[in-house]
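See below for the structure under consideration.
Chains here go by letter, A, B and C, matching the order in which they are written, and residues are numbered from 1 within each.
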Amino acid sequence: MKEVIHTPVPSVEEEEYHINMGPQHPSTHGVLRLVVSLQGEIVKSLKPHCGYIHRGMEKMCEKDTYPQIIHLTDRMDYLSAHINNHAVCLLVENALQIEVPERVKYIRTIMDELTRIQSHQLWWASFGMDLGGLTCFFYGLRDREKILDIWEETTGARFLQSYYTPGGLMWDIHPDFQKKTKEFLKYFRKKIRDYEKILSGNVIFRERSRNVGIMTKEEAVSYGVTGPSGRGSGFSCDVRKHHPYALYDKVDFKEILYQEGDTLARYMVRMDEMYESMHIIDQLIDNIPQGDFSAKMKAVIKLPAGEYYQRVETARGALGLYCISDGNKTPYRLKFRTPSFSNLSALDHISRGFKIADLVAIGGSLDLVIPDIDR
Amino acid sequence: MDPEKLKERVLTLAPEAELEENKQFLTFFIPAGKLHTTALRLKEEEDTAFDYLFCQSGSDMGKYLMVVYHLESTKLHHELVIKVKTEDRDNPAFDSVCDIWRTAEFHEREIFDLLGIRFNNHPDLRRIFLDENWVGHPLRKDYQDEVNIVEL
Amino acid sequence: MASNIYDNFVSAITQWIHNGLYHVLPPFWALMAELTIIGLVFLVFYALVGLFLVYAERKVCAFMQNRVGPNRVGPYGIFQTIADFIKLLMKELVTIKNSDKLLFNLAPFIVIIASFMAIAAIPFAKGLDAIDFDIGILYVIAVSSLGVVGVLLAGWSSNNKYSLIGAMRSGAQIISYELSVGLSLLTIIILAGTMQFSAIVQGQEYGWFIFRGHIPAMIAFVIFLIASTAETNRGPFDLAEAESELTAGFHTEYSGIKFAFFFLAEYMNMFIVASIAATVFLGGWMPFHVSGWTGFNQVMDYIPPSIWYIGKTGFIIFLMMLFKWTFPRLRIDQLLTLEWKYLLPINLFNILLMSFIVLMGWHF
């Protein structure tokens, strides 16, 4: 039987008109269509239309084995590729009660934090560009290349690496890994001061982002906005602190919280997180213990029947994997609870009453990656 | 609140709930008719205060369709999972919890899109990922699609 | 009286042409021929400067962004702009349904004409200008205001929501900042005592106005820079063409040669305001003299006045490019707030200050 659902037509008041932003638009960071209802310059409401890059990942996962699923999760939030892989590996390891070697935990934590830094670098580059400071794009990407070079040496790929496997890593790190990472940290500590001078300290930027797109803590909790976007409103949701995994309970780092909930607060959270990530790597990089790079795993991984939920903190927020297994080598049902999906749901509410130019700033500060929304 | 006391509390709030044993979180099956009232009380009671819905998912379990709600309290730091199920595969419907947790708006649209489960009192229930005139609900186990799915 | 060894060079050439024409043709036709020659010279100059500025912008921008810029087309990429313009000339001129065809086609021409008329009054060396009104500054400000008509027409006749929003924003912006431009120039007119360009330049013989007028002149210079960057839709004030927000603003629907006109006019406007700043504040073609140091002044005189002029204009253009590539963009309400709540009161106060200083004779 055919079901045709009619899209409700939004009511059009006098002097209100609709503008379509996207799906191809320089500042929506991917294929997202926003139908914005405007009155003059003020945004009255907006409806996001997603699904342009829906690949049916959850359906695909029902036919893929667990090592194959790792490659799919790379492509979900491509800027937090390592962390997404980590989630699948932890899901399998916790379900099978496997203890990974210490060396693996150190390397995984360092790689995760490098992922977070490079994701924030790209976010900063495109945020500056959206607001008109076009030079920021080049500076951010130039520095990000250093991290991608480190990864290329160790894992063979700059971008979507699929380096973690259930039980450990695919192969051991390159001998130069520690040296290059330390060089990068030294280099980046100087460069990040430039970032602060160009954007954070600039009066034009501050005026564009202060008191724009305010989200209260209750709204953040209700909309499920996690990650730096939620922490900018005072919602303490860092999975690394509340449900630690890998080495996060053994390293010393702060959870960055700002209370104002505007675009500037969300911006500052990410800038401070870059410092914290560098601090974490500092504590770990010299102490990687010797050992195996992988625990012994069976050739075919089968999770015992039951339900499992694994949480990790990606650069965008809390990623959750909910797996229902019936004992086979493929999951019966695997649900990805992605951070950008919930962050997007708040966009309508927080941009009402602001101007179009502010909409670009708010969208940039929420740091949406569209494949993460659509899966 | 520790798990035993939480279990007692939930059973007082929702007497018809059935406990599921041996799960990662404290898990209850709630009858579909009582979903909205139970959810509202779980959020508003001071000693449970489940204000954060961190995952809402639907699955096709073969015999029945199920929606799973993973709840957490940001103040009291405890977690709970409630599930509802229905055996009606032609017209499955549950109450929407959008008015309790705003994040449910998008999640319920996704469940409707991919599994066909309707939610009563949802402000804007339409497909979110697939086209408006797509026929069928892909995440169901009996979904056939020769064009888009390649069976090996 | 500073006599410059280059003074007679230009007048020698113009006299020779003048005599030659009057010798050969009847007076009316000689006049027509002279006017045509001047017009052609200016057209060629306009086009060449425009081409050069586009190339310069790309190289300066690349330098600031840690990359190289165009370097393939010709040695160091100097033919890049010519290649770009040939490409633009060959593009299809897309006609829009339901647009007002006359206004749509007229708009780019109005913008070009406005900037063309303004450049006629600026002196490049002693005697090297097309017209020398005794109300020179007033003429230039009046004529460059015609540009806003072209912008509004372009946005309106495109029959496109985005263009309309862009044109409205742009129109509001230009009209507001014209005030600041005019008032800051007024400050210098008070110091100079005349509006004629050649007299203003001559008056800076013993020191440029920015130094002679010290505090109020410096304030006026800063305000003029900010306001003229906003007038020309450049730098942090370019929300009319904010690519990341509303595609290309008021010239979204233009393609090919008409787009090239808007593009060229923007760079020429930048050149014009830089020339005005250089002439009025920094002395135009007058070399850097310090009153009393005759030896130093004579050395400075050896550098040709045109080089001085180009150097000063180039410096101000470099500053404007620096603004554009460093700062994020202002929002429309912040832009208008800046003008009406900050720049305008400061300007008015500055005029009072300058008048007071001139009356008391407290300038150099």
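Criterion: a residue touches a chain if its C-beta (ideal position, glycine included) is under 8 Å from a C-beta of that chain, and two chains touch if they have at least 3 such contacts.
What you see is a predicted model; the values in this text were computed from it and never measured.
Taken as a graph of touching chains, this assembly forms an open line, each chain in contact only with its neighbours along the path.
Comparing per-chain C-alpha centres with the mean over every protein C-alpha atom, the closest match is chain A. Taking the CA centroid of chain B as reference, the farthest chain centroid is that of C. Mean C-alpha positions place chain A and chain B at a centre distance of 25 Å. Rounded to whole angstrom units, the spacing between the C-alpha centres of chain A and chain C is 47.
Centroids of chain B and chain C (each the mean of its C-alpha atoms) stand 65 Å apart. Multi-chain contact residues of chain C (touching two or more other chains): none found.
Taken in their complex, chain B has these residues touching chain A: 22-25, 27, 51-55, 57, 59-61, 68, 70, 74, 77, 101-103, 105-107, 110, 114, 124, 126-133, 135, 138-139, 148-149. Contact residues of chain C toward chain A in the complex are 64-67, 161-162, 165, 236, 238-239, 242-246, 325-334. Of all the residues in chain A, the ones that touch chain B in their complex are 2-8, 50-51, 54, 56, 58-59, 218-219, 221-224, 235-237, 242, 306-309, 318, 320, 322, 324, 332-333, 335, 337, 341-342, 344-346, 349, 374.
On the chain A side of its complex with chain C, the touching residues are 17, 19, 26-27, 41, 128-135, 138-139, 142, 198-199, 202, 204-205, 207-208, 355-358, 360.
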